[in-house]
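You will see chain A twice below: alongside chain B first, and alongside chain C after that.
Here is the complex of A and B:
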């Protein structure tokens, strides 16, 4: 069974690696976006799915990465791979600055602080026009091929998923889940809850940072509203929730299903699309809070490492 | 930016800050009530305010009703909306992890904003009612702000009187202190939850009716108040009702001072910085709040 799954995974990976040879430019860019969502959902899962601390503004790291890479490429002429990695590093720095005061607290503070962080970054980026272009946005030199970005994005999605696997199957991951279930008990057992939460948070910020840089490079133009939308955080969360939070494959499943649904169905209803999305959020929260994999896990007694 | 800052300007700014802060305090008190009683962070609080503002706008537009009289309509109407919302949806996530209630109310928030957009379009609307300023010595204050502040103080005082003196208000505070014990004492907790949500929405609606005279009315006007109310209840101490007042006034002051010394655009950033500092120094807020 396990061998068959691994073989299946290998086939999918090879197919995805060969895909750009066959595909149209549109196809490549669509898949690239799917990878982006997998990486984002998976990253959110690392902090919130595992520790239960709700990061309600995770897109802040995406925007941070986008602007870091945008400025490095556009103003300093860096090569995009280096600039995107720098975006990941800056996202981590931001996570450290904000996680240090806010992850010490139990209760709603962390969620509120993250929501605020996103709003505030947008305001700051709009304000410092000299560096960021302000509300006019920032244009990057044109890039003709999306294919390298496709591979880079795929690699990030794969890396974040592999990281999740490593964490969930490790003692570190067990400790994180203990914190989620009962933080007081976790501390009584000698787990330094604050440090574990902070590490998980830092790891969860890298992926969105790098992905933000790649998305900026791919789109060639960024502006405050396009890289700090609250709705993007919510989309990540709904993907994870739909697939199964705290699992390895849940975020991937959720991202694929919701992304396909979005491309095929919502795109046709421009006016009602947001309304639908609101309804879907309510439905997922009320009807299937454990997600698809969560339900399957419970029903068929599947292993935790799925 | 190169203006010389005189003591008069500081005085003016401090008073404007308190005027704005009294509104924030009233709106945030609603959010704080919902959190205190149910441990739910209501992301749809701002959209409730937006609905209040639209109520005032249409009453003014169709009937020429004074925005201040329309409080008598918007508050009861949104009270009902709040009760229904609690009864139908929020009730199901009261005991769930905070993620569920955050997402659920966010879904409601998107739905409310988009329904409003479909019904009334995204055009900016305004209520041209009270213009001009009161002059008091060297200070000048726009009439609409002073009157809004007076109403906010009145309504907030009313809410506190309700919480302190009436049986229902006492029951509500009892539930927010300990739901189990309140239940044992014979309090109908479900009813109190509905009541709290209704009162909170009415407070948001009052905020909406009062700001309708000052700012442009559009479907997305509420979000910024959600954010500000969150800031206020964390500053004051989540679940601490007098704390919400202190937090509201403080937020108003800080915003106005940062407009004077820096620039209006960074208001939110300065307020946020204040929040992070308060969390570092006094994690429970200025007055002691509760964790969930």
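Here is the complex of A and C:
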């Protein structure tokens, strides 16, 4: 079973690595976006799926990465790989600034703070025109780098998934889950909940930061509304809930299924797809709160590694 | 012998109500103590103050001579003071084994061995891989009990260990508590079942309305008129 899964995984990875050689530009950019969603959903899962602290503003890290990379590339002439890594670092710094006060508190304060954070960042970015271009946005020098960005995006998705694997199969990951299960009991059992939450939060910010930078480079133009949209956070949440929160492969599954669905169906019904999202949230919460993988894990008593 | 735990004029208020109002206790190592009192007399609040779940408003709590009343719960736990809860608080979506593994910071292999030993001790070995939330009430109670033993704490607070547990299981639990005492550990338990308290504890503290009403050997406490009055009224 395990060997078959590993073999399957290897085949998928090789196929994805070879894909750009014979794909159209459209195909490459579509897959690149899929990788982006895998990385985003997987990152959200690290903090919210494992500790239960729901981040309603995770796209803030995406936007932070996009603007960091955008400014470094556009104004300072950095090479894009370095600028995108800097985006990841800045996202972590932002997570530290927010997490340090907010994660000390138990309960819903963190969720509310994260919702506010995204809106505040959007206003700040709009206001400081000199640096960010304000509402007019920021244009990056033209560069045709879809294929390198495809690999970079894939690498980030793979890295965040590998990180999730390492965490969930370690005692650190189990301790994060105890916070979700019962934070008071976790602390009474010697677990420093604040520290654990903060580490998980920092790790959950870096992926979206790098990915935001890559998306900015790929699109060549960013503006406040395009990199801080609330709908992106909601999409991450729906993907994780659908696939199975707190699992390794759930976010991947959710991202793939919903992204493919979006590409095939929703693109033809621009306005209906938000309604569809709402319907999925309601259906998942009511019918299978553990998500697809969570249900399968419980039904067939599968280990956490699947 | 110097006390292992000293509670010195501790006060804890919730709004205008003093749930614990100037309680002082001293517990010597290697003994089993009982904490009794009518509902609302402040037993669980005192437990929460000792373990850092609540912060007391006044007074001092010393564990092994060190002030702990301002420490967070996880620090107090690692000093060697563990507890169980009145309402079961296992981690339901972790397996029984995982519930134990998360507690220690020791080497993984050592932790696993210890966890399996403890599971075997309470005959739950075959349920190690089961989600704790799927276990029966009594089994969850046992998991919570052995979870606190993972780090081999010097002192253990048990909040109503006998509640909802059948006789057979209860006797096993009580034997386990006595064995812990024989190993030199100190136990403080809150319990409503007077048979358990009187049969197990060497010293009993009685709380009423947040104050210490009496302290002494079980036989003395049982005959104390103030205690009888607190429980049954005049």
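Rule of thumb we're sticking to: the second predicted complex is superposed on the first by the 306 of 306 C-alpha atoms of A that agree within 3 Å, B and C clash if a C-alpha of one lies under 4 Å from a C-alpha of the other, contacts with A are read in each partner's own complex, and residues count from 1 in each chain.
Everything below uses one rule, namely that contacts are C-beta pairs under 8 Å (C-beta built on N, C-alpha and C of every residue); 3 or more make two chains touch, one makes a residue touch a chain.
Please read all numbers here as calculations on a predicted model, not as lab measurements.
Looking at the shared chain after the overlay, A:136 reaches neither chain B nor chain C. In the superposition on chain A, A:191 contacts chain C only, with no contact to chain B.
Of the two partner chains placed by superposition, only chain B is touched by A:113; chain C is not. By the touch criterion stated above, A:177 is placed in contact with chain C alone, chain B being left untouched. Within the superposed three-chain arrangement, the count of touched residues of chain A is higher for B, of the candidates chain B and chain C. Touching of chain A by both chain B and chain C, each in its own complex, is seen for no residue at all. Every residue of chain B that touches chain A in the complex is listed here, in rising order: 35, 41, 89, 92-93, 96-100, 102-104, 106-111, 113-115, 118, 227, 230-231, 234, 238, 263, 265-266, 268-269, 272, 275-276, 279-280, 283, 290-292. Interface residues of chain C facing chain A in the complex, by the touch rule stated above, are 51-53, 72-74, 77-78, 82-83, 85, 89-94, 98, 101-103, 105, 108, 111, 131, 147-148, 151.
The residues of chain A lying in touch with chain C in their complex are 171, 174-175, 177-178, 180-182, 184-193, 246, 298. Across the interface of their complex, chain B is touched by residues 48, 52, 54, 56, 98, 101-102, 104-109, 111-113, 115-117, 119-120, 123-124, 126-127, 231, 234, 237-238, 241, 271-272, 274-275, 277-282, 284-286, 289 of chain A.
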